[in-house]
Every structure is written in structure tokens, then in C-alpha cells.
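Here it is, the structure in full.
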Amino acid sequence: MKILIINGPNLNFLGRRKEEIYGQMSLEEINQRLVEKAKALDMQVEFFQSNSEGEIIDRIQQAADVYDGLIINPGALTHYSYALRDALESLSVPVIEVHLSNIFAREDFRQKSVTAPVCAGVITGFGWRSYLAALEVFHQWVSQL
Amino acid sequence: MKILIINGPNLNFLGRRKEEIYGQMSLEEINQRLVEKAKALDMQVEFFQSNSEGEIIDRIQQAADVYDGLIINPGALTHYSYALRDALESLSVPVIEVHLSNIFAREDFRQKSVTAPVCAGVITGFGWRSYLAALEVFHQWVSQL
Amino acid sequence: MKILIINGPNLNFLGRRKEEIYGQMSLEEINQRLVEKAKALDMQVEFFQSNSEGEIIDRIQQAADVYDGLIINPGALTHYSYALRDALESLSVPVIEVHLSNIFAREDFRQKSVTAPVCAGVITGFGWRSYLAALEVFHQWVSQL
Amino acid sequence: MKILIINGPNLNFLGRRKEEIYGQMSLEEINQRLVEKAKALDMQVEFFQSNSEGEIIDRIQQAADVYDGLIINPGALTHYSYALRDALESLSVPVIEVHLSNIFAREDFRQKSVTAPVCAGVITGFGWRSYLAALEVFHQWVSQL
Amino acid sequence: MKILIINGPNLNFLGRRKEEIYGQMSLEEINQRLVEKAKALDMQVEFFQSNSEGEIIDRIQQAADVYDGLIINPGALTHYSYALRDALESLSVPVIEVHLSNIFAREDFRQKSVTAPVCAGVITGFGWRSYLAALEVFHQWVSQL
Amino acid sequence: MKILIINGPNLNFLGRRKEEIYGQMSLEEINQRLVEKAKALDMQVEFFQSNSEGEIIDRIQQAADVYDGLIINPGALTHYSYALRDALESLSVPVIEVHLSNIFAREDFRQKSVTAPVCAGVITGFGWRSYLAALEVFHQWVSQL
Amino acid sequence: MKILIINGPNLNFLGRRKEEIYGQMSLEEINQRLVEKAKALDMQVEFFQSNSEGEIIDRIQQAADVYDGLIINPGALTHYSYALRDALESLSVPVIEVHLSNIFAREDFRQKSVTAPVCAGVITGFGWRSYLAALEVFHQWVSQL
Amino acid sequence: MKILIINGPNLNFLGRRKEEIYGQMSLEEINQRLVEKAKALDMQVEFFQSNSEGEIIDRIQQAADVYDGLIINPGALTHYSYALRDALESLSVPVIEVHLSNIFAREDFRQKSVTAPVCAGVITGFGWRSYLAALEVFHQWVSQL
Amino acid sequence: MKILIINGPNLNFLGRRKEEIYGQMSLEEINQRLVEKAKALDMQVEFFQSNSEGEIIDRIQQAADVYDGLIINPGALTHYSYALRDALESLSVPVIEVHLSNIFAREDFRQKSVTAPVCAGVITGFGWRSYLAALEVFHQWVSQL
Amino acid sequence: MKILIINGPNLNFLGRRKEEIYGQMSLEEINQRLVEKAKALDMQVEFFQSNSEGEIIDRIQQAADVYDGLIINPGALTHYSYALRDALESLSVPVIEVHLSNIFAREDFRQKSVTAPVCAGVITGFGWRSYLAALEVFHQWVSQL
Amino acid sequence: MKILIINGPNLNFLGRRKEEIYGQMSLEEINQRLVEKAKALDMQVEFFQSNSEGEIIDRIQQAADVYDGLIINPGALTHYSYALRDALESLSVPVIEVHLSNIFAREDFRQKSVTAPVCAGVITGFGWRSYLAALEVFHQWVSQL
Amino acid sequence: MKILIINGPNLNFLGRRKEEIYGQMSLEEINQRLVEKAKALDMQVEFFQSNSEGEIIDRIQQAADVYDGLIINPGALTHYSYALRDALESLSVPVIEVHLSNIFAREDFRQKSVTAPVCAGVITGFGWRSYLAALEVFHQWVSQL
């Protein structure tokens, strides 16, 4: 099973920004943990990060026939990028949306996700463990657990 | 690690209601799987279901010093029970809110959670696997993963 | 044909509260008339009243395979109980929502029904005759009138 | 007892439009059943249909001293015709608003009735039987049932 | 100076409807007083009443080159008839909107006028004297008072 | 008959501000015309202008038993001064609210009047002639016209 | 191919009203051009204009089995006539909604179309050429272009 | 004078939850102070607490003819329980709503009280002294102070 | 303990305005009772009333270091005077907001208080006894009751 | 006449995404048809597609003095890209906005266009024929049709 | 160049109120710095502060022909005083609105300015330096910088 | 002191677009003036402009440890780019948001800034002098003025 993990704007700055909300770990450290977890679950993971909505949509389109699933943390694009939503909706494999912080416990504008309605589901609030739990869900699906 | 799993109104009717949304498995079957998963993770789980907001609050209060965490699927109470929110907020252990269906992809009123802001996080849209993923998150916390 | 008639919070106080709106008849007197009407139409009626949302949901679930239809006056739960809505939605037999007063002619919050969208229809504004008319509709369905 | 039954815009097209919502019966067939029912209840019914708000108001004004009650299905005028509302409000006999479909279960704009607040009550969702139930309510009033 | 006075839906029922709000005088009696007042001011008045939006628009179009001004009480059309608004806007002579009751002191929906923005001004709340005051304003304009 | 005419904030600047909307006449010139008109109608008028909400309320309270009626142009206080509204509401004599411009044809915030609901009526849009028409209405009331 | 072209309220006044928005051409001149264009495309066009919502609905109902398509400019009815919407929805042939001006660039109330959701599509902003483009679309459909 | 003091959901947890908002005193300690205060004022107080909306309504109905007044802190039910509102409205003795914290200074959802409109008044923000002040008001009423 | 009691616009008119809502007692009579009550509680009270927002703010600023607390009934300023709110917020001693009528049971605009969020608490609905209860609360604070 | 045709995010995926809404034709196939149509009308067309808002704005700016008009399908950017709107507004040649599906008949967020107000007009709902009709309109303008 | 600097309600309390937001400097100290700065720029400044909306409007009117520009910090009047807006709008010299704190980063009600639309511009968030920057802008205008 | 000045979408088109709003000066001319001003203040400025949200975020991230402050005119991104907001929020040096036109005096959507709450302050409405004033503020901070 091959999963693409996409991170949106400013997530390359993790560990340098609002640590009380997003934690101290850098994106590289998170990715490292995901690689280990994936190996343990006999899955493959690839990573993509960009600050540009357009590049993320390009990447999603290229992923269309290559991966068995997507994990995406769209960053702030979550709250207004209908273009990203359309890109995700065009995929035939399942997508899981994740967030480091609990978006329900933050500013009003962060409580609305325009991308979530076209995803299989959402995991929000567990820091880097949100990604881990998403991997776990993919693993369960595949294992018929 | 000892986890209490609470299910709100109508979840005892799982498998009998809107199967295209909630799936075919009964609550008992889900609980059985959770028991097995918990055993595998060396955790203990207990279950409580009620159709009554008052009874659920009573149960949460009794749980205050007994469990290491709560998993709750508040059912439709998610969308209006500020009393349930207050009860969850008074706990010192973490609470994970779960939903079978992806609440972001359903009716408008189901997209608002009044309980989520006082939970650690939310897992929504993976059917009974939402509960499983929540267990996994508790396990990660405990294992310092 | 066997019909369950459910009355929600405060309807046991009929005849003692805001008579200019709800009329002078007690719930027992209304039920008596419904028994007579049902007999005339060769139907059976049973009654349940509770001030507790949870008990009403319990009762609806027990009714699932026993009755040919439900008449429900959810009282003020009409306006916010999504849990009651879910319970009604899970039934396979038709439900008719009734109100004594014309909810369209009252306070703003009473003009919204969260339960009506999952009912077959609504009869509102005819005092205890709203229940009678609901019985009549069930009778018509059965008689293919 | 003499009742005027008014049908608003597009109801003359019944049986030719969105049958899954409005049913297969034509307005003439419904009227025929109402005549029979009225005869059985010892009542008289007359019918009026128009696609024009102005003509309906004219007809209501002429009805002022002639009938003992009105049954009206205002069609889409239900949702915006304050002029119709004023006309209904000026009558001294009771008016019952009926709808074929359950307006609470349809588009948002159909869930608001500007005419209902000046009617005695509303019966919605029982197809042509909504009219029948309205006749029944008039009969009960007259019979002191 | 020649003024056309237009009355919209239900105003032909004045004196028969909600007298505590609209007064006891019939439209004919009001018109009679306006004829007298007009004569005193050396003006001519003509009258038109209809319950039909379409007929009123027809009449306004015919009035385009015939009168020096219009006084209109659009009745309930005030609150939603953008078609009437467009008709009034196409006139080159001034229009005064009048209301018997003070629309600011009534139901919410009556406090919004979609026609007023294209009129010269509005006189509301003085019963039949609202029309009289409108005549007076026309007279002042003509007399350069 | 003795009428007090109150003008609110910035109306002392008439003729110096936005002439395309408010006209070229100064407040003094308008008052002069009102004096003449009042004499013609055998009425007495007194004037008060202030830029201060508090002073206007003081003046209204002093007027309580002295005048037969009030004409008020509250200026921008129209749109938010609930304190002015309370002061006007406490009077037992009728109050007419006037505006130079047609408030329905201007910015959104000017289309809402918080004072109008406690006045007898409103005359808006006729420049200084709005005051004249208000005098005329008082005269009609007194003359039983 | 036979197309009915319907124009709603005030469109018979084209060329006489707000020329900067609606242009200088009269409806007759537009129709003349449409006749020529239709001839060129080997189509037939018929015209109907009315200021009355009811008459327009009557005409649409009569058109049900006669034409291959409808072009409608509902004028201001666009923004509130749910009755017109219902009439259009009951047709089995395609309907194209057109507007002379770009409704997105005008007052707020003109930016909402209650009829557009039941049409095949909308062409707005090209003056009388909006009708021409609609004819062209019908021609393409028929020609399988 | 005999007063029933009702506390809603989670108030049995006082002293254990969000002490910076609700204070450190337990409900028992508050009740103890109220008993003392009541004795000093020559009044009798009884207490009821429940986490269940239904049980609270039951208790209010039983109280109907037994007490001279009610003091109620509905907890979070304040913000959505129209059923509780109906129960309170049916009482003929006065009800005073109290809150420990100042609901105006908290989350948006806590600033709306659906029960307050049917109470005599509200005392909010003085911790356990809110109850004391309510007792004082009852005492003043009785003493004709 | 020294308390300043401030009354806003129109409260000097008590006993002369809407007696069914505000009672028959004049402000002087209320103040007299407060003096007596204060004496009984061994407190000092001073009074200030003004119809001017500016004068009230001036008075609050002068009070900053002189009194141990404030009781304020801002009258209609309650609903919009953010300037008054800022003045109250700058005080270091506690402020209690009081209202004669129950603001929750009145017009919509009276249910919003912009000053309450910066007060210690609010007492509303008990007529002149609201002031008395506020004194009582101050007394409790001081007495450590 | 030289026209630039711009397609926004995800339109390069046509034929692969939600075919029931967007049709089965690929963007290349649509462009091919437009080339043919343009040739027939003696016009030139060029194409640009990008998933990036920034690149589209760059392209629009370069187009400023090169083309006689623009046809743009902004994809989901239609609903939120005020930056795109500003770019379009800065052009001196006319822009026509087109959509494949009827945006009035889809999700709420798709019914709002932030770019349409600065375009000459909009053609929506005719699949790839929307582009064709836009070409036709440009041709009419040029031909003085 | 002669500039009038107006400060609204509560700004005379600077240094005594919410220092974390408004800073520790008193209004006198700020004014002193402005005098120095003005001298350096060869400008003259005069100051006016009042807690009264009416007095501020009076002062603005007197300033009409005396100063070359105005700097105003309307304090909380910013958010609701349409009367102040009208006064500012009547001036022919430019007005700059300043705020000590960044109004975009504060409570919702502080993010709306009813006065800003009639000012030349706004400078917000730089403490007393906001005034300084405003002086600088006036200087640039005058120097044609 | 080293300042980065960022301009968002379409600002490279200054002098070519809506000159009555944005002025006639090109971005290069503005930058030239800023270089001169900076030199006079002994500061260094660098410039960056892009039409792409993603590139602007990239640039901001690179700026994190290089500059002492940022001046940003986000163009239309101001109104919806939460991704830009997050990028700005992650900086530890102060950011000043500037606008050429007074955003409070323009379309509704331009009056909301999603980036301003994370900036130190905002300067809006002074054309290219807004940038100059921002430089001035940075200078004051550094000079402890």
C-alpha cells in the first residue's frame, strides 16, 4: 500500500511557529516517524509540501493513478480553497484530512473545512499523531480490520 | 490504561438504521472488536450507552477519577448538548470525540459540534474504525510514541 | 391497525397551562376521545407521555416492530432535539407529527421543527383535533381511501 | 356547511409534474374525491384554481360572507405572497392551509409559510389526503367532536 | 396638475379588515375626501385599485405620459414586488408612497419596502390622511412653496 | 395648537453639507417658512436644535406637558439612539418623525429607524417640505379633517 | 425547431427605461432580430410578454407539448417568483434564462435568481445578444454541435 | 414562605470544575449557607439537583402547588432547553433565574437564555451570592419592602 | 462602604412612563428607599442621574478613587454605548448593572447589553428591588458573607 | 479578432472528474472544437490553463494589450479569488465568464461569483457549448450584429 | 499648516486604563510629543478632548473653516456614532482617523468603524505613534512629498 | 535597520488600473521614493512583488531571520488568504499592513482584513504615502521616538 502525504502552506515551518499550538517537532521529524510507522505496517509513504495552492493541485492530479490513498493537512487552505476541494474530489482513492491542532477549539474561521466534505474522514487535534492515526486507518482498511 | 467508551442516543440501534450511512455492524459487534483491539494494546475498555443526556452526564461524573481517558460518540447530542459539553470539560483526563460518518459531509446541523471544543481531538468518518483509531491514539500517548 | 401516540414534555400538564393557547382539556380527556375515535375506525391506540427525551427515545426504539404507525407531539423537543429526530428516522413505519397550537403563529423558535423533516407529515393548530385528524389519515392509508 | 377549496399556481398541473413528490392524481380526480367525502359528511364544497395571485385574492374577497370556511393550498405563493396573507387575514371564517408534500422535508425556501400564521392550522405531507383531513377537521368543528 | 392614485391588493377591503390598524373608513370614502381636497387645491385626481400586481404595472405604464405624479399605496406588494419597483422606476414623474399604518411599528416583514427606494419619498402612519399629505406635497411642489 | 420642532445633530449645518442630498436652504430659512405656514394654519411653532443626544432628551422631557405635538428630525440619531426612542415613547402627545432625504434610498444604515416605531408616523424624502407636511397633518388632526 | 420566447414584467418598456442599463432598443426591435436569426438557423420563434406572473404561468403550461424549448427573461420575477419556478420546472423541454444586463453587477437583490436552478443554464449581460446566444445554444443542441 | 431551589446539570460538580469561573465552594456548602440565610429571613428552602432535563421538569410540575417561589440555576440547559422553559412558564408562582458566573462575560452561546423570558428576573455573576440575593428578593416581596 | 448609584437616560421620568413596565414609583422615592436600606446595612450611597452619555462618563471618571463600588442602570445606553462600557471597564472597583424590568422578556434590542460584560454581574427584573438586591450583594462582599 | 481562453484549476482534468456534471469531453477536445468554430467565424483563439491563481493573474496581465477579448472559466477560483477579480478588472477589453455546469443549480458556495461583477456577462450551464456561445457573442459584437 | 487633534470618550484616562492595550503614557504626555513633532515639521496643533458626542460635533463644526486638517481618535464612538460620521463628512478638509491599539486585533465590535468611510484614511495599532504618523502624512501632503 | 516591503497580486499593475482609486504612480516609482526616504532615515529597504500567494509565503519564510520588520500590501489576498496570515503570524519581527486606498470606504468585501489581526497595525488610504508612513513608524520604533 502506497500513501502520499501532502502538507499545505506553512507546515514546513513547524517547530518554529506557535509551538503551544502546533508542537515543537519539525515536519522532517514527523515525516521520519511516519516512515518508521509505515515500515512497521508494511506500507510505503511519500511526502509533498508546498506553500502554493496551485502546486498542491498539480501534485494531487499527478497522484491520481499512483497511490492507494492520500493523507492531507491543507493548512490554512482548509478554510477557503474550493480549488483544492475540487482536486481532491476528482480522485478515486480515499483521502484523509488531518490537523495537528483541534480545529474545533480555535478561531471561528478555522472551524470550517471546505475540503473535509469530499474526504473520507477527518482526524484533528492529536499533533503529529493525527498523521499516525490516519496511517493506521489506511492499514485497517487494507487489512479488513 | 483504562478507557471508558460512551455512546449516546440511538447508537444502540446501529445496524438497524440508515445502513448506507452508519454501516451494518451492531454496537455489540463494534464493542467486541474494541475489546480485542484493547487486549492487543494492553488496555482495558468499558462501555456505556444511553439515550438519556442526564444519564450520560451522571456516568461521566462517576468516571472522573476512575479512567485514564474517554472515547465518546455523543450521537445527535453532539450538535446541541451544552450540558454534555460542561460535563466533559470538567474531566481532567483527555476525551476523544468520534463519529461513524463524516459529519462534514452531512446535513448542515451535523457539521457543528458543541462538544468538540472541550475534547482533545475528533476522529470522524471511518465507521467503527473511528473508535479503533481513538484507542490507537490513547495507546500512542501512553507509549510516548 | 395499531398506533402508538407519544406526547413529550409538559403535555401531561394540559389544561393547567396557558389555556388560551393549549385549551382546557387534560391529556387524559384527549386520550379518552382518541380511544373512542380509534374504536370507531377499528384501530387500536396506546399512549406514552414523558418529560424526558431519553425515555421517549427508548420508547420509540421498543416500538419499532410493534406498531403500524406513530403519532407524536414532541412538545418543545420539536425545536431542538436532533436525538429524537434520529430515533424517529430509524423507524420503518410512518410517523405523523401533531401540535395543539399552530406553531406558525407563535414565537420564532416554535416555527422551526427539527423532527418534521423525518415525519410523513405534520398537522398543527387544531387543538386535540390535530390528533384526531392524524388518526383519520392513518385510517385513510389503511383503507386505501 | 359550505367550504371553498382554493388551489394556487401550478396545482392545475398535478399529475403532470414531479410525480415522485406530488403524486399521480390530477386535480380533477382529487376534487372528485373531495366531493364524495363532503357528501358523506353532509358538507358542500366548491373549487377554485388560478395561477394568478390577484385572481385568488379577488376570489377570497368574494367568499367573505358566503362560506363557512376555506381550505387553501397556495402552491408556491405560500412562500412569499404577503398580499395573499392579508386577504386571508381579512376573513372572519377559519382557513386551513394544506400541502400535498411535507414542506418541512423539502428545499429551504419551501419551509417558510407566510400565509400559515393567519390560518387556523396547517396539514402538510399527506398528498391529496391533506385536503381530506382538512374537511374532516371542519366536520369535527361543526359536529362539536 | 393631474395625479393618479393607485391602491394595491386588499385596499378595496378597507373598513372591513383589522379596523384597529387600518381604520373604519372605506376606500370609497377616502377617495371622496381626496376628490374634495384636490378640488380645493385646484388639482385633478384619478383612482385605480387592483389586487393584481400585473394589472397595476399595466396601469403604471399607461400612466407614463398622462399624469404629473403618482401616489401609490402598494399594500403588501410593498414588501416583495420588485416588478412593481421596476415599473415605478421607469416613470419620469415623481411618485409618493403612502401607508395607512406606520409600517415601522408593525411586523418585521412590513418594515421593509422594496418600492420606496425608487419613490421621491414616503408618508406612513396617518391613516387616510397619509394620502392627503401626499396631495399637499404635490401641491407645494407645483406652487413652489 | 402648539408644536415643538426638534432637529438633531448636524442639522444646524444644513446648506453647508452635501447639498445634493440635503438641499441649499439653511435651518433658519426652513424655520422661517414653518413659522409662516404655522401662522397660516393658526398654529404656534417653537424650535430646538442640538448636537447632543442628552440635551435633546432633556428638551423632550420638559416638553411633556407643554405642547400638543412634536415634529422631530433626529438626524443620525435616528439609526441608533434607543435613549431618544425611550424619551419619545414617554410622551402622551403624538410625534411625527421627518427626514429631508428619502432614507429608503440611501446607505443601508440609514434605512433603519429605531425611533420611528414609537412615533405616530414618518414623512421622508421631501426636503424641507417634509416638515411642512407634518404641520399639515397636525392641522388635519385638529380640524378633524 | 420551435422556440417560445417569454418576457416578463416591464420588458415591454425596453428603450423607455434606464437606457444606460437596458439599452435603447425596443422589445419589438429585439424580436425582429430574433426572427431573422431564427430564420437563418432554420428555427421558428414565437413571443409572449406579460406583466402578470399568472398569465406567464398560464402561457408556460400551454406551451408544455408545443415547443422544443423556452427562452425566458423573467424580469424582476427572477428574484422572487417561486410560482414561476414551479411552472418552469414542470416542463420537459429545456429552458434558458436570459438577462439583458449582467445581474451579478447590479443591486444585491438582482444577484439572486430563484428561477435559474430549474433552467438548463443562464446567459446574462449581453443586452439583446443574450437572446441571440440562447438561440445559438438551442441550434447547437439540435445540430449536435 | 417556602422556596424550592433547583440546580441543573453539572452543578453537583461545583468546586471540582473550572474553579476560576465557578468558585471553590461545593453545592453542599452553598446549600448550607442558603439554609442559614433562609432561617434568618424566616423562610424555608428545599433543594433539588439533577443532570436530567426530564427529572427537573418532573420536579417543577410537582412543585406547582407546594412552594411560594422557585430559584433555578438551569446550568447549560439555560441555553437550549425550551422544554424547561415551558415547564417554568406553567407555574403560577414567581421564578428567579440565577447564575454563578456573569453569563454576559462568557462564550457567545452562554449569553442567550431561553428560560429567562419566562422568569420574573435574573441575577447573574455573584457566585453563590446570586442565590442569596434571590432569597433576599423573595423576602422583600413578602415583606412588602 | 460608599456606593455611587448612577441612572441613565429617562430614568428621571420613572413613574411617568410605561408604568406597567417600570412601576409607579418615582426615582426620588426609589432613592429614598435605598438611603434607608444603606443606613440599615451601614453603607453610604450617593446618586447621579443624567440623560447625557458624556456626563455619565465624566461622573464615572471622577468616581474612580472615591467609591467602593458602583450600581448602574444605564437605561437605553445599555444597548449601544460602547463609550460607557469603556468608562466602566477602566474602574478598579466592582460595578453591578441593574434593570427595573426583565430585559430578557422585552424587545430584541433590549436583550443585548454591551455594558454587562465589563460588570461584575447583572440584576434584572425586580423593579426598584433590583437596586436593593445590588446593595445587598455589596454588603455581602464586605461582610465576607 | 483575437481571443484568449483561460481555464482555471482542475479544468485540465475534464473528462476524468464528475462526468455527470462536467461531461465526458477532455479540455483538449473542447479546445479543438473552439479552434474550428473560431476559424468558421474568422477569429483567432489561444488557450491557457493553470491550477495556480498567481500564474493565471500573470497571464492576464501579459494579455492586456494583445487580445480583443477574454473568455475565462475560473473553476473554483470563481467563488473566492478577489485577486483574480482585480486582475480582470484592470483589463480594458471585455471578458466573458463561462461555466460548464449551471452554477445556480449546485452547492450554495458555487452560486456566488466574485469575478462575474467585473465581467461583461456570464454564460453558465451549457457544457462546452458555453465557450462556443461566448465566441458567438464576441463575433456578434465585432460584426455589429 | 494648522491641525486640530480630537480625542473622544475615555481617552483622557489614558495611562490609567488597560495599560497592556493602550500603553502607560497619559494624554498630556502624548500631546506634548505631538507639539514637539509639529514644531519640527513647522506645523501647528491644537487639542480637544471630550467624553460627549455632542460637544465633539460642536467642536468639529466650529473647526470647519479654521484648520487645514483633523486628526481624530473617536474612542468607542468609532463603532456606532453615525452623528459623528455626519459631522466629519461635512468638513471640506481631510480627516485622519487614528487608534492606539490595532482595532483589527480586538473584540468584534471594535473591528467596525462607522467613521472611517468618510475619512481620508486610518492609522491603527501604533500607540501614540499613530498620531505622529498622521502628522507625518499631513506634512507629506503639504510638502508634496 | 533593514525592512522588506512585499506587494501582493496586481500591485505590479499600479498606474495602469483604476487610477481614480489607486493613483497614477507605478510600483517602480513608489519603490524609488521609498528608497530615498529610507536613505534619509538611515534604513535599508528591499522589495518583493508577486501575484502568487505561495511565492509570497515562501518569501516571508525566507525573511524570518534577515529583516527587522516587514511592510506588506497583500492586495486582494488581504480579504481571504488565511495562509498568508499564518505565514505573517510565524514571524517574530513586526509587520505593518498598508493599503493605497481607504479600505473602509470601498466594497464590503474589502473592509475585512484577515491578515490585519496578526500585524502590529494598519495604515490605509494615503496612496503611496501609506508605505512612507509605515517606514516612519519603523523609524520611530528604532529611534525610541
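Going in written order, the chains are labelled A, B, C, D, E, F, G, H, I, J, K and L, and every chain counts its residues from 1.
Rule of thumb we're sticking to: a contact is a pair of C-beta atoms (placed from the backbone, for glycine too) under 8 Å apart; a residue touches a chain by one contact, two chains touch by 3 or more.
Note that the structure is a prediction, hence the values are computed from the model and not measured.
*Asks:* Considering B-H alongside C-D, which chain pair is linked by more C-beta pairs in contact?
*Replies:* When B-H is set beside C-D, the one with more contacts is C-D.
*Asks:* Quick check on the interfaces: K-L is repeated by which of B-H, C-D or A-J, going by over half of contact pairs matching?
*Replies:* C-D
*Asks:* Distance from the CA centroid of chain C to that of chain H, rounded to the nearest Å?
*Replies:* 32
*Asks:* Measure off the straight-line distance from the CA centroid of chain G to the CA centroid of chain I, and report it in whole Å.
*Replies:* So the centre of chain G lies 63 Å away from the centre of chain I.
*Asks:* Could you put a whole-Å number on the gap between the CA centroids of chain C and chain I?
*Replies:* Spacing between the chain centres: roughly 47 Å.
*Asks:* Considering chain B alone, which of its residues make contact with at least two other chains?
*Replies:* 52-55, 80
*Asks:* Name, in rising order, each residue of chain F that touches chain I in their complex.
*Replies:* Interface residues on the chain F side: 52-55, 57-58, 61, 64, 80-83, 85-87, 89-90, 114.
*Asks:* Considering the complex alone, what residue numbers of chain K touch chain L?
*Replies:* Per the stated touch rule, the residues are 102, 104-105, 113, 116-126, 129-130, 132-133, 136-137, 140-141, 145.
*Asks:* Across the complex, what residues on chain I touch chain F?
*Replies:* Within the complex, chain I contacts chain F at residues 8-10, 12-13, 16-18, 50-55, 75-77, 79-80, 109-110.
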